[in-house]
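Two complexes, one shared chain (chain A), two partners (chain B, chain C).
Now for the complex of A and B:
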């Protein structure tokens, strides 16, 4: 009866407001960029040192891998915190009770994490570039940028799913801290997934960034040997898995909202 | 009155060992409370494996052979000691502040040395377990050959490294006392060893200035001692490296105590250190 009287709430506006608030909170306490950036910068430099003399394209490997790890770190930690922060601050129920679907509030936070992860990736790029002395040769710079942005979108999809799933587990900290390297290995941040044992490949392909990163390497590194199916199926797989992630995340969010309204106990921390 | 004060002091004096053990037993439930059993098991069994797999594959992709892979595997097996020794120990300062117990700690008459050593006991044990499991992975999965004759010196090197690294963690915890949070410091020193301590490539490949910075970390000397033990180097070489590890441990523990005393005085004077 009351729903008709509820003023229309723009989802885009809600997402923008959430993004803006996430940015302001980040500015107030910007330390979270550093943890997600220090490791990738170090890994980028280590990879650069190890890759030296292994051919010109390995600079691309090092930069791409370290940048990817930066964005992964931000997704894993930042997006994982997207709902956790509401639980800890005690704002979960009030936010869920508001007319705006909760998923759009979280989407704004996840988008900010993607942007800050990109900033971290940019810093990684600059550091490795400063050490290498020259930028990597890219056959198709525009295509690279477009696909890189798409990789970010796939990470955002993972972030949304993680943030939803973390509500139902007390092991998010464990997964974030202990599983960090497993995600880097499993999605082939610094090397092609195909060099891992075959049984790991199906697990790796569950994650959209695996597909997208493989496609990105096909585009950026001449002679790259990744999944045998090549660039376009990689891209298709990335789009498909991203859609599945978003759909599953949406379903979980609906369940979370219903659960909160029915039980009112999700902020128990 | 004087006699009364003296009696009072004597009655409330807690022995060194009691402080040590109570901290060793209670810290895992309080300041180290974030290290639940699943987290500890993950630190011992999963993180070393994943970190080693990651860097071994990087070496493989870059065209490295079995010797390079073995070098990297052993280096990363040892470097995982930083998770429990540096990050968790450093984090205890944050825990004290967050739980609101820092003020009470700063005004307590507890022996500081016993207090810090007691808190370091669990991280030392976890560090030993982490490095041991890491070395087992390096041996059985990545082809690092360890002769049986090298095991005693290797064991001594591992124990000394774990002690030295926990000392370094306490030192950072002392610095973190003055910071708003230790997370940045912990992260920096969690990973910087991978670059500066000869974990993935010899320190001789680094620019001299950067290499000298690396020599300031106990991990550099601990790792060198472990590599020398595995390689079956002469006693003189290993003994010298042990001496350097011990020196870095003493320096770390000493600086940690010094820092805590300094910041304690500041805290009592200004009342602002315990703010989170």
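Now for the complex of A and C:
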């Protein structure tokens, strides 16, 4: 019965399987309801209060700020956490032992976090809409949605790199917390980066979402003053940094795996 | 495929370094494997026996590409476990067993679906294949229950189901019956035996001599990172001497009495153990040169003496081997 030739592993299907598993685990575990469904409501309300009276486009500011807050946590934190869970469950070993390169497993988990992050963004939108009683004026709704999705992808790119740390060591909580803090301060999730002290900008520019978000604000808010170089360079920077992140992730995972196999800490948690 | 050994290991070593402390780092080194050589022929069950810490799991993880060796080489199906792990992974299966290693919050079927996809099992075949392995391990009735509701034995079965889902040519089973009650353990052994009739090579580790004896035509005994014996069950019995073992129990023996027994013709080994106020002498008898009666006659003045004769078990052989290695 033992077959001599083995089936070709479809990377798309492996990614899909990983996304499906993440969804099933989410449904099975109510603790995720709080960060993914309740937090966006709170963020929405807070942002509304915070930006109220900050000019004609305060609604857009509120939605973008709160939306990014919730998606940021969902996508970034969730991505690292998913891999940390594999460590905790002891499922990292059989997964690495399978013929699917681990990066596709991570990709599936991250994509799930993108999906649930989007849901969080949607909730924020509805909450702000409900309190304001009117939708924000968007000059280019289609472009906004497209760019919004793109922001999510840039977040996912960062999430994949965070995940690599979780494969690397069980002590990634530390790396992730520091990284998230830098990200939180640097990228201007809640408010535009340009209002931050100048020295934080180089940190901010390391993260693809900084660029993408600035572009999004340029698109959504007439008269927005962000990075001096404006919309198109923002978009270009976002694409370039995202490509770098994905390339680094692709290159790093096999190395991370070899490191872990050498150290023998795959089953630590 | 013929002529290629299923497993071929040469001079394999593995050192674990663990660090303790933050400011004053203390590095402790454990030599889990110390120069191991082993060849395993295909399409049979091979048993690897050894006490706790012998290095069994370390070897299994290296062979199944989950751990890199420090030095030496290991080939599975003729392919290097380090350089050709991508070729090997779809062709080997690993069952580490235990409470961990499964997604407890979802059901067995979804666990298997996930791994089926990671192994590239074609979509049109997936459900059928899952049903097949679930039935094989006897979980067909529990497929849609969450794994967290499973008993230890059921989890073990699910581990095995996952291990055989992709029909590996070599299956590594690390202590498949540990922690199982006798009935589940027996079912598991039956399952393992049925797998080998499919032409799978099974590499099984265990603490239990009787398990190895029952399942494995060939056995290697491992102690402190080395193979200390490698033979068939019958051969292993020969290795350490006689056919029969005598157990004599009394309230203490004098040293000269033990010496006298040791010097009887045909006695290959005498081990003395204390059991509370009583002492047990285990006397290994080679051939028929010495009769049990002679042994009894050498121990006069013990009215309470109880003597029991039995066939030397593989257990005795095993303990001898592992003991000889001890410092």
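Please note the rule applied: the second predicted complex is superposed on the first by the 234 of 269 C-alpha atoms of A that agree within 3 Å, B and C clash if a C-alpha of one lies under 4 Å from a C-alpha of the other, contacts with A are read in each partner's own complex, and residues count from 1 in each chain.
Keep this in mind: a contact is a pair of C-beta atoms (placed from the backbone, for glycine too) under 8 Å apart; a residue touches a chain by one contact, two chains touch by 3 or more.
Quantities reported herein were computed from a predicted structural model and do not represent experimental measurements.
Asks: When the two structures are overlaid on chain A, which partner does A:258 contact: first (chain B), second (chain C), both, or neither?
Replies: In the superposed model, A:258 contacts chain C only, not chain B.
Asks: Which holds for A:134: it touches chain B only (first), chain C only (second), both, or neither?
Replies: neither
Asks: Output check: A:142 vs chain B and chain C. Expected answer is one of first, second, both, neither. What do you get?
Replies: In the superposition, A:142 contacts neither chain B nor chain C.
Asks: Which partner does A:228 contact after superposing on A: first (chain B), second (chain C), both, neither?
Replies: neither
Asks: With the two complexes superposed on chain A, say which partner A:46 touches: chain B (first), chain C (second), both, or neither.
Replies: first
Asks: Regarding the shared-chain residue A:100, is it in contact with chain B (first), chain C (second), both, or neither?
Replies: Second partner only, chain C.
Asks: How about chain A: which of its residues touch chain B in the complex?
Replies: Those in contact with chain B are residues 31, 34-35, 38-39, 42-43, 45-47, 49-51, 54, 58, 61, 171, 173-174, 177-182, 184-185, 190-192, 195-196.
Asks: What does chain B use to touch chain A in their complex?
Replies: So the residues of chain B in touch with chain A come to 34, 36, 38-39, 42-43, 46-47, 50-51, 53-55, 57-64, 72, 181, 183-184, 187-188, 190-192, 194-195, 200-201, 205.
Asks: Residues of chain A touching chain C in their complex?
Replies: So the residues of chain A in touch with chain C come to 1-4, 6-10, 13-14, 16-18, 20-21, 24-25, 28-29, 89-91, 93-100, 105, 258, 261-262, 264, 266-267.
Asks: Which of the residues in chain C end up touching chain A in this complex?
Replies: 1, 14, 16, 61, 64-68, 86, 89-91, 94, 96, 98, 100-106, 110, 113-115, 117-123, 146, 162, 166-169, 198-200
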